[in-house]
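Below are two complexes that have chain A in common, paired first with chain B and then with chain C.
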Partner chain A sequence: MFPPPDPVSYYQAMTAVDVPRFVRADGPDKVTGSGRYAADLQQPGMLHAKFLYAGRTHARITRLNTEPARTIPGVLAVLTAADVPDVRYSPGVADRRLFATDVVRYESEIVAAVAATSVEAAEAAVAAIEVDYEPLEPVTELEAALADGSPLVHPDLDSYDIDDGIVAHGNTAGFSSIELGDAPAAMATAATVVSSCYVADSCHAAPIEPRAIVAQWEGEKLTVWSSTQVPFDARAGICQTLQLPTNRVRVIVPHLGGGFGGKCGFHFEAHIAALARAARRPVKLVFSRREEFMVPDRRREGMIVDITTGLDDNGHIVARTGWIAIDNGAYIADCAFFPQLAAMHVAGPYQVPNLQVEAHLVYTNHQPSGSVRAPTAPQACWALESHTDELAATIGMDPVEFRRLNGIDNDTVGPSGQHYERTGLQECITAATELVGYGRDLPEDEAIGVAIGWWPSFSMPAGAYVKIDDDGAGQIITGAQECGTGAVMTLRQLAADELGMDPEDFQLVYQDTSAGPYDTGATGSQTLFNNGRAVVGAARQVAEQLKALAAGQLEAAPADIVLADGVGSVVGSPGASVSIAELAATAAGGELLLGHGSGSPTQAPEVGATCVGDQGMAAWVSPQVSCHAVHIRLDPDTGVVRVLKVGAAHDSGRIINPMGALGQVHGGVIMGVGQALTEITVYDHDGHQLNPMLLEYKLQTAADGPEIEVKFIESAPGDGPGGAKGLAEAPNVATAAAIANGLARLIGHPVRHLPMTAERVWTELTGGIDSTDATKRQEA
Partner chain B sequence: MTQPSPTNLSNRLGYELEVNGVRYPITADAGRSLLSVIRNEVGLTGTKEGCDDCECGACMVLVDGRPVNSCSFLAAQCQGRSVTTVEGLAGDDRLHPLQQVLLDAGGVQCGFCTPGMLISTHALLTVNPDPNEEDVRIGLSGNLCRCTGYTNIVAAVLQATGTRESNAGAEPEA
Partner chain C sequence: MAFTIATTVDEALERLADGARPVAGGTDLVVGARQGKVPLPHDLVAIDRVDELLTIGQDDHGARIGAGVTHDRLLSNPLIVGDYTALADGAALIGSPATRHVGTIGGNVMNGSPAMDTGAPLVVLGARIELRSATTTRLVDPLELWTGPGTTSARTDELCTACLLPALPARTGSAYVRLEFRRAMEIAVVGAAALVRLDESGSVLDLHIALTAVAPTIMAVEGTEVLMGRTVDDNLTDQVAALASEQASPISDLRAGDRYRRHTVGVMARRAVQAAAQRAQGTMIDVPVNRAIGIGAAR
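So, the complex of A and B:
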């Protein structure tokens, strides 16, 4: 029906870097429909779970009666806080329990859980539960929440267990600052000072797979199949909240249908495990799309950014101050590091000799925020980079030239005092602007905007085993989690390179906490950076074993054995060789070919700045930098912005799997387009979400998608395997900012509210009344 | 609130459903969606539920060759019709060319949209065997993908049809 594909020439056309040598190992499962996702799993006798949610954003429970639910036929378990251990948890600030006890703090807080023989019976049981509430005043505005006299989301916060280093009090769930030099004094000497305010609304990760969990007990052993990005975190959460020993709990992730951070953290595995124990049956939970939007403690945080920068006569930055408020929502989830990370993005990849940025993480009665792809970065970068174009315009300098002048370069010091020996930022600026033809003449309704961004690589614990079976085929058993990026798939390539084998010779056993050693999970763009080093370490052990065996057979020294093309041979005597398959057969009769590795910690960089509420975010291992240049068209009658082309240049160190890397940039860019223009979670005055469905929450479609051209700058290698850095989040940082700068050129001033929806753009164009906070604050 | 009735058998229907050329006897409530019956009664789970509201396209199947969101199509309406799911695309020993080219082009990441994307592509190419890039982008605009930015999916479809004029990154750099 169709001509056969020609993948090699296709990839040579797409990228200057190497042609991939293989397709992803999980690919055939995914294109044929044979791959199982969590919602596809069935167990004999399996029940269906439903949760009762508060439906109020802030209220006190005055009566809770579950008896009517228990009488409904088919209902085998009804649980509330009274039925599970009284444990408060959450990373950093232990501010929540599995079930509401007295106060509910967001509308989707779980009050009760039901397991029944059908979904319909479970729904009927949830509807039958009787709860009375006494309303409490909701906290929904960030600045009001920080003001004296505000109602408190957690009046007993000071009595909670709070990790050292976290500054939390009142409605502040965490405060961090970064201070370098003397910003107020330097600001007073500046020739030009520009102040800006920007407000970003919250949005969602919106993976296409809603989450699903199946839990099953066999005696005292629990197996949970979950659509989580972090199976080891999920296991830890189950063990903490249900008070179980680690080795009795196994978390397995079937194929995962995307996460984007939305499936990081520990969520509902313990609820389902507790239901399964109470009902003595396997229990399954599958979220509706509405629940996927409203319930998990993962939402991209809303943010207010005030920023002031002082320049000298030559346009050099002499000082920057910033104030940031971040909407944490009702519980802290994994947000403790967000304030300091946001501060780094408001400081930006610039040479700023005097810096003072303060950031507040603010409790509200909204759904909790949590790591969504490059948390804090797209919003903070959008604010900073819009401000940067304002700076350039104020002194009459080309904005790209301004970034070249002030951006970090090789052997420079950044805004937190970290010294950068090598960075590809300046090359990224050149590459991205060339990709879209920055500076050329355009029709009057079109413009090109440019923004730069950065993102850390995260050094985390990770482990893997590599073994060669008796037929010479290999297996990689890793704790790493694949969420679609292809990072786990790429581990085959690293093992193959160490062992002189073909990537196709390896099978992967992964995302199973009882099979592989610990890994942090598909979070923080860390998989290849850390687990890649673990696999290389494991494969090197096997390589040494193979070389010793080959040396014995070939009567040579192990150091003279080379493994390549599936054989071990003696250096300088290619005729003297033995196949890895033969060596494996020999090994199978005695000492087996087994290796294990755990990426050794990378050297922590020095922080030059002074930090209050330090969360380790002010100096980065293997920093990634990027520049996005975006060609847009604006319809002045409607305010609709069309993104025509995105040129994305990235320094993420050495690119190991070009196919996977390109996919990450493409996906990050289009997510950035959505965040720039259409993706907004709308709340009413009391903090209820108004648009938790995909028609009302507009993702970009194929018809919206721009042309995306990518260039990788590989001149500044990182500490990952072969010089790699992280990648998956970095492409999501600068796109919205670049779109904003193109738009500001067409309008004549920035749109100060993210997303820059057609309505907001039209309001700016027509001079109509903008009711947004940003405009009011800027004018105040 | 009206409570749903979990054991109301009065609306159950018995009928035959043909999926991927195989006829299945079905007994199910009249209100059951085609998606639910395919996944739970027929037992083919390649077709995914992403929204249950016709918004994401993950549940796309062919009914008599036409693409429908099976979440919002009654199974009982498919009596006497032919349903094709993603499991019906591949041959016995080899992938359908569309499946192969989607893999080779890097058009698969998490894979959750992939079955629906393949069905929509198949439907598009059936009525328009030689689409240009805009045709492909519009043809696939009912299928949400959060991973790929659509770039490699669109390029794969154009590759499959032999069209090389894509500007979605498939052209050599000048």
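So, the complex of A and C:
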């Protein structure tokens, strides 16, 4: 069962791949408790920050009086919008400010911030601030929000700074479409047409470490320690909102206690920096679990998906149309690319010659959505793949056969017109179904569901330095950020491979914007794909230096020097060798062993489709594909579903660090099980979150983990180092969809509401309406 | 703020008489305070180091479980697992290993939650709760102790010192079954405990059922007399499910709707009676029965 005591032997037991055995550089710190997280940091004279939140989802501030807070002993700073530069920010649509000005648009919007000598004094000060509100009608339903006459979340949207290419108007924060061929005309010729509608509720990333920030000024220089996945983004946000030059701001991330996308983006660093400046003391913010759920502009977006597909007599897809509404929440955060990405997931890794998908990103008075591991994909894939099983059932074809027939293959064109020269999709389908024994006889309360999914690799700028010190040990100084995936840890292996050294010979200096060169951060599964390229480039420079030094000592040509097992030796004369440590000692007396790397990001491939509101998501660099086959059991008396085994086959290009890669698939699958069955954020009619706590927000636990068997398909190399693609998000795409398809087999039809909670499943089984559903109850 | 560590019951009772509140594992008190339900009391007396509260004893009349006995000990104690299995089933489902390691039976009982997992087992096992103050000692029926969600009939100067369980006749088995959506850190959506005593031919001599989280307090199912003398078959368990569903008065909240609760509490009662009957016949079913018989398809 999962997890086994020794991952190396576990992995080797099920694949022929040789697993490199090296200890994560951050592992011992994390498992022994000696590692320090942002909340652990203490500075002399440090104050504690607390925020005043709106507490209503849509209202106008008519009076704000902070004076009572200022008189509370120990309070050294109280800030509102009036105390910081009047800057509107957010990527794509500049729709928010650090503090509410006139209107609050979600319940956790920050109205004021306080710094005090104790947490208690800060809390008392927040409670003492007087605010009067005039209620405004909340916008919480997606279809109603798009209808004419709906109240607007941002009535002045047209006057905001909006990036080129973003189509925003009314309550639409962004509209995107993908159109290929002539879908309506082709649909009219179809032998079979099936239409489906699915609704996914929102959920949360729920990292175990609630975020924490410490800010400290030394003269005009600011240092911020933050639990962020994207330190360079955080720095940019601080500089933009507080109007500071980049070189005065340093963001350092101590160990990060998970993120899952929830800690992407710029969040509260500027609030704390502004408090520290006003109070002339270091200031620390530590979120409660409740705040971690409610405040950040990161939540997995709720979604409505309508799909119609037409098939010809042979079961080939001839046309697909789709309509998607995505709950953006009150501010756009990083959601601008979500509509087009969701459209790609509703199109799916299929050969669809005629496609028309339209997607609306909808402003509501909910907490803002934002990138959570594989944003838009698990929900959209769940909808599409449930629909795909409906298609197969309608024409009486086995659903796996249907996917083989219509799925992309080598040298085929996908739904956005992109040509795929190599893809491991068909091999993934074979592998995953074999892993769980698809097709065998099962007890009547068990079934196997299958789903396919895909995910891009994101091509980004990235930089790193590599140096070898005088004792022959190496250091990698990188801008990359570790959020638990092990991607930064794996950079050691890439450097070691280039230099003929052991990964354990390298230390990492990372998560510090003033030490490492720029990197996008732990986002978009991009670390190994891009920073790996940078590290390889830097290591190659050092390798050239080492070869030149060795060549001099061994009286050979540099081109004939091979670096392996910690020594440089002459090709064909293994006896003629010198250790890298000796070469490093020599170099330390003169020209140092020092390399830097960046490299050019891979250019995006051509899109065949026509796109309105194009955000560059319709053609993917190094597309990853996957197939998950899930064996489930249903308790028909209660609607409780248990996942017994997951077979996960992934084409994520060449796997650099199999042990780390395996962990990513395990984690993605478990997260997918939660999204499928238990994880739901419940709102009341006005948009207040009702379950911002781990007791009522049901993450899967270690005890729930099913058996997970993984196979990596490495026949379609990517553009990353050594043929790698991204990996961290792809395993989170297809699990919920596969569970849904197993469940639909047992019930006889799909459960059209995600998550497919026990109560919803039971309601389907008893043919009842969804009247007992938690969400619906709150509306009643 | 005052915090005293008591080493004897008398010392703890003296502090209670002065207005202190008791704390053992703190799994309700501290978590509740963190969630903003009730602020931490300003005057606390820790009772987790009072030796008299930490024992599990047995005599001819039955068992005496000290209020400070942790769930972890309950679920692994041979006497509890062997004779009072429903209580071990319940203890094994509470929270996580960490919760079970510090949480106590006395704390669970006195917290008075209708969702408590030791409550229904204690009711069907015929438990009496021992309450002591500096001047009095009394035994209370748990159904009279619990007066509403989170409220009890105990006075503030009274401390729960033990749960007393009567000796059980031969061919008696018990079980506690809970609906769960995941296997750890779960709180009862509904649950049911059953005690079944059979005669040598397998007919029912005694049958008690109690339900979790479908009323303001743990509740006993009435009207089981009609089941006496019958064998535990599908007919009987259908009737059990119907009795439980009819008598339940569940609410709709975040965790589940009333209709779903009313249905599933019947399912839990049916499965509890089935498991208890098997145990009465000498069949070994591992603790907790949830895992063993596949509640929520959990095989």
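By definition in this document, the second predicted complex is superposed on the first by the 756 of 780 C-alpha atoms of A that agree within 3 Å, B and C clash if a C-alpha of one lies under 4 Å from a C-alpha of the other, contacts with A are read in each partner's own complex, and residues count from 1 in each chain.
Basically, a residue touches a chain if its C-beta (ideal position, glycine included) is under 8 Å from a C-beta of that chain, and two chains touch if they have at least 3 such contacts.
Computed from a predicted structure; not experimentally measured.
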First, second, both or neither for A:D445, with chain B first and chain C second: second
Which superposed partner A:A703 touches (first chain B, second chain C, both, neither): both
Touching partner for A:A557 - first (chain B), second (chain C), both, neither: neither
Which partner reaches more residues of chain A (counting touched residues only), chain B or chain C: B
First (chain B), second (chain C), both or neither touched by A:V682: second
First, second, both or neither for A:A82, with chain B first and chain C second: neither
Partner chain(s) touched by A:T757 [first = chain B, second = chain C, both, neither]: second
First (chain B), second (chain C), both or neither touched by A:A188: neither
Chain B versus chain C as contact partner of A:L695, first or second or both or neither: both
Which superposed partner A:R633 touches (first chain B, second chain C, both, neither): second
Residues of chain A that lie at the interface with chain B and also at the interface with chain C: 288, 693-695, 699, 701-704
In the complex with chain A, residue positions of chain C that touch it: 34-35, 96, 179-185, 187, 252, 254-260, 263-264, 267, 294-299
Of chain B, residues touching chain A in the complex: 1, 3-7, 39, 44-53, 55-56, 58, 85-87, 89-90, 95, 97-106, 108-115, 118, 125, 136-138, 140-156, 159-162, 167-173
In the complex with chain B, residue positions of chain A that touch it: 1-7, 10, 12-14, 16, 20, 23-24, 26-37, 39-40, 72-74, 116-118, 120-121, 123-124, 127-128, 206-210, 255-260, 286, 288-289, 483-486, 659-660, 662-663, 666-671, 693-695, 699, 701-705, 707-710
Chain A to chain C touching residues, read off their complex: 288, 290, 445, 633-635, 637-642, 677-678, 682, 690-691, 693-696, 698-704, 757-759, 762-763, 766, 768, 771-774, 777
